[in-house]
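Please go over the structures that come below.
Look at the two complexes coming up: chain A is in both, with chain B in one and chain C in the other.
Showing the complex of A and B:
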């Protein structure tokens, strides 16, 4: 499917090879002008790209470098780049503070909230797309519009009375509240872009509407599912506010646990930075390997109709 | 066919995960102790602090003594505050013992009836000795004549100085504000790249450390008649002096957003000669792992202004019992144990200044402190003022207001006019709280 969408039709291809349309000679004079601009453009491109990359990478580089320094060296401007590296901070985070528990907590909450949100959100999005339920879609979107912090007190009140605060269940539910609208909206636009003729054909061949969804539409939606899943996972992994209030001592997630290194009268910058590296690296790796899906999924359906 | 089986596998995996997740959720949910009357599980919420580390290491003893199980939650200062705002507002009974900041949130919590009345509990056990606690901190944990908290950690403002730089300058440790300014000037002139004086510069963060200068110049945030004292002549002098010290003898291109981590870093990197700060942070300066000047740091009482040396002496943290807790009797048992003479002595030896007079007068209580710091604390406790910020309900807003003239003074603006403006704005806050 994607092949037909990205490859130009045969007629266009032959045109690109040199077949002329009436009026085309008018475009010709622009070509030499473009060539004259060329020396300046690559320089500009390189400068802008380098600056942008530096801007985004500098804090990350500082974080990684600081995680390999002692607390005295972190503050020393003379040792910004040249210092004796140490792995003590990582030993402190993973050994003495046993961050594996928090890594598991974060991973478990992110995974469960993403999977449950997909299970609920994808059929909902399909229904909303195929039966044009715009009002229902708006209601779902409300969850994204309301600021999360205003929900915390009522949530805490309800969940505390249900004796759920401190467990994984409440964390997963709270993350689903934000992940679901995201998934529903992404998948809605994805389903909108899939031709209904395929499902009609499947039904002519004897499939039920649900069968057509499961066997035809869903397999075609893998890029969309991947995008929605990844974005939902990233949101959950990074979420601090809900986890701060709703987690318990044994279910703290990484963004909350990272503050263990900030005390009233001392800040352990080295361990704080190595914990930050541990929080950031998995999500960066996931994002790097899956960015192709995220981009294609986000733009799916963008040019429909 | 392949696609179908892939979908089927994915669906089955999802279903399995869902079931597992649901089980895990239920498991942890039902594992959360019920807030039954006099539950055997005690929920204690504490801040990240050396105090907490010591208490944590001794918890098994308490659990053995009482047969209770302590469930400890630990957070950074700001995160703890956010937690309380949400949970106490929702009327939670899931917190039994809470560590809180009497001067920052004590008045608000007491007014909202989040803190249980401990007036009877503190009197019950004579051996535990409520009378042993310093009067200034006790005042800060008392609201409308009811005891609502037990102070655990105290703090005074002291002068941190570099012995080597003062020696090089041929100067004695400054005893007055005039001598402080003169010493800062000489140190800056003699040592290129080293500031004469450094202190907090952030609008809100600097308020507490500025407060001792204000008192020593004869002022206060609120005057005796209950009106704003921020625009008084004494306050204007204090603003101009504190800001002037940093402007004239502080680090080059000084930021006006420094709290203690930044100011302390300048001092511990050897880039400043004199530094006024809370004594509770002293280990950051004397620990060679954190400080380059660990061996040459000295401590002295805050230099005297026109009204003498009046540093604050405050309880930075206290323990309280949640009014909505159904486990208040056990919560008190924990507080009694954690604030006992023996525990206070042990915690103080670990470097956390406590609030018990008997521990301060016990040589063992100051055995781990640098001798000059112990003497400084003893002196500051005598003349100490019991608050380091405006005693109001809206503390964060008030700190921003009264802290603004500090920044204006540092940046070379008209701090007198800024103090007048701050005085008017602060008076509005006071009027609104009446």
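Showing the complex of A and C:
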């Protein structure tokens, strides 16, 4: 439609039917007939895409705007767009409600579960890819399909009896359960696409197979590792259900802390929105700077069928 | 090499040789054991619990009751069957809307243009936003009294809507929220599929005089088939299990009339709000079987179509 790169061959073929004689230089035709009729498309495209972007971004902007308003201003329809911004809500959330602890908890749990899952998952994905262990891979990927609640009840039973509920250990373990299948899935498709020649050459030169994996394959896998690590960090940071049940007063993560905001009679909208901003903005900034990896992770396996 | 054979290997060399020989399972086993232990033991326990009358404290005694829980759940037309229906409505509605919108946006983004990067960044944002925060955000926007949604309607002279707090409007509103958050995912997957297509079939159809719609319907869509199925399966599994936005916006039991109570919310409520573990496990087993059945149907159909 708008790409001109593919136009010449198409035009050539239509031309070739009658007009072109041998020896006559190939004519560059002007735009083919159908193109002229579609000046509306680029305009339509720009308008629709602008609206789309607006629809996806406006609510998030609204969240930020509301977090900068006093509660009085939030209730006042005249001050929808024009108001005096204030950081009081943030001061309230971070100072009085001690959100720094929750930020740390979220960060710590996401980091630990990502690192441990990478340690467990990357070699597993490597073995499953190189030895085509599809059935074993299915076992790990089952974890992606199973509804979390169906495991949460027995976990709660077991860990409550062991008196472990409320500690970081259980929380990290449960988040690893989300991260590990994701990492295995992503890294398997990464290793599948990585040629084996370099490993083979390294083995000929005297490295053991494990040595070749550690010194050749892993350094080559940095983009894949980045994708898997970033995505599992995001998923763990955003996880709500496991933390809701398994976290204690001292290990509460940000999503749970935000949820607890509304269990009181009236909602403190300003503070709630600033808490929501505090949880979403870090992850959005990470996604912004690692966009390439996030997108490649989210779409992994889409074109393989 | 001969030197290696004649000298006795040291303990370290033997260890390394053993590790290298068994690297397949040495690498794969820890992850599989981890997932296996966290799945199989709990799943077996869930099956056992579903056959008992366990409730109250996790340390309380429970009695074996056979299939009584299953009979109770199957005859429960007040909570169980409506939540099955709501699970299907929510998943079906959300995934269908996301596929249609996602395909539209992906087609618009397909051919490169100026500013493409910004559009991609913009649509990535809802995708990575924390679902609980997203729930809270929409809760404010859809608030009947102070929300922006009703203010917007007011500018066009449309009367205020109850949105999330309405008994019939809550579920559609939540489908809308799900569509807002997850359409970008479909866009990204379909876009990855579209960019991997070669231009030739589309060009050939263009030369043969096919209209834009014909080219999409009879050329692009069939070529994109497997990507579309992957997108539906991935999104479908997650949509069936949606919990965060439902619980964050409507709280326990899916609202005071259970208007958005899906199977996942129902099972969660039974387990952790009412501590009715026996019944909860029964619902979970049925829910799990349902997901497996749907998954099996989709993948089975796919294989059947291919051969």
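Note that the second predicted complex is superposed on the first by the 252 of 305 C-alpha atoms of A that agree within 3 Å, B and C clash if a C-alpha of one lies under 4 Å from a C-alpha of the other, contacts with A are read in each partner's own complex, and residues count from 1 in each chain.
By our rule, a residue touches a chain if its C-beta (ideal position, glycine included) is under 8 Å from a C-beta of that chain, and two chains touch if they have at least 3 such contacts.
Nothing here was measured: the structure is a model prediction, and the numbers come from that model.
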Joint occupancy of chain A by chain B and chain C, clash or fit: clash
Touched partner set for A:112, first chain B, second chain C, both or neither: first
Which of chain B and chain C A:163 touches, first, second, both or neither: first
Touched partner set for A:153, first chain B, second chain C, both or neither: both
Chain B versus chain C as contact partner of A:251, first or second or both or neither: first
Chain B versus chain C as contact partner of A:262, first or second or both or neither: both
Chain B versus chain C as contact partner of A:103, first or second or both or neither: neither
Comparison of chain B and chain C by chain A residues contacted: C
A:72 touches, of chain B and chain C: first, second, both or neither? first
Chain B region in steric overlap with chain C, selected from 55-63, 235-243, 253-261 or 325-333: 253-261
Contacts on chain A seen with chain B and repeated with chain C across the two complexes: 75, 152-154, 156-157, 160, 244-245, 259, 262
Chain A partner contacts - residues on chain C that touch it in the complex: 16, 19-20, 23-28, 30-32, 34-36, 38-39, 41-43, 45-46, 49, 58-59, 105, 108-109, 111-113, 118-134, 136-138, 140-141, 146, 148, 151, 180, 184-185, 188-193, 196, 199, 203, 206-207, 212, 225-227, 229-231, 237, 240-241, 243-244, 247-248, 251, 264, 267-268, 271-272, 277, 280-281, 284-285, 287-288, 291-292, 295
For the chain A and chain C complex, residues of the former touching the latter: 1-3, 6, 9-10, 13-14, 34, 45, 48-49, 52-53, 55-57, 59-60, 62-63, 66, 74-75, 77, 80, 120-121, 123-124, 126-128, 131, 133, 136, 139-140, 142-158, 160-161, 173, 176-177, 180-181, 184, 208-210, 213, 234, 237-238, 240-241, 244-245, 254-255, 258-259, 261-262, 269, 272-273, 275-277, 279-280, 283-284, 286-288, 291, 294-295, 298-299, 301-305
Complex interface listing, chain B residues touching chain A: 3-4, 6-7, 14, 17-18, 21-22, 24-32, 34-35, 47-50, 71-77, 79, 82-83, 86-87, 89-94, 261, 265, 268-269, 278, 280-281, 283-284, 289-292, 316-317
Residue ranges of chain A touching chain B (in the complex, touch as defined): 70-72, 75-76, 108, 111-112, 115-116, 118-119, 152-154, 156-157, 160, 162-170, 172, 214-215, 218-219, 244-245, 248-251, 256, 259-260, 262-267
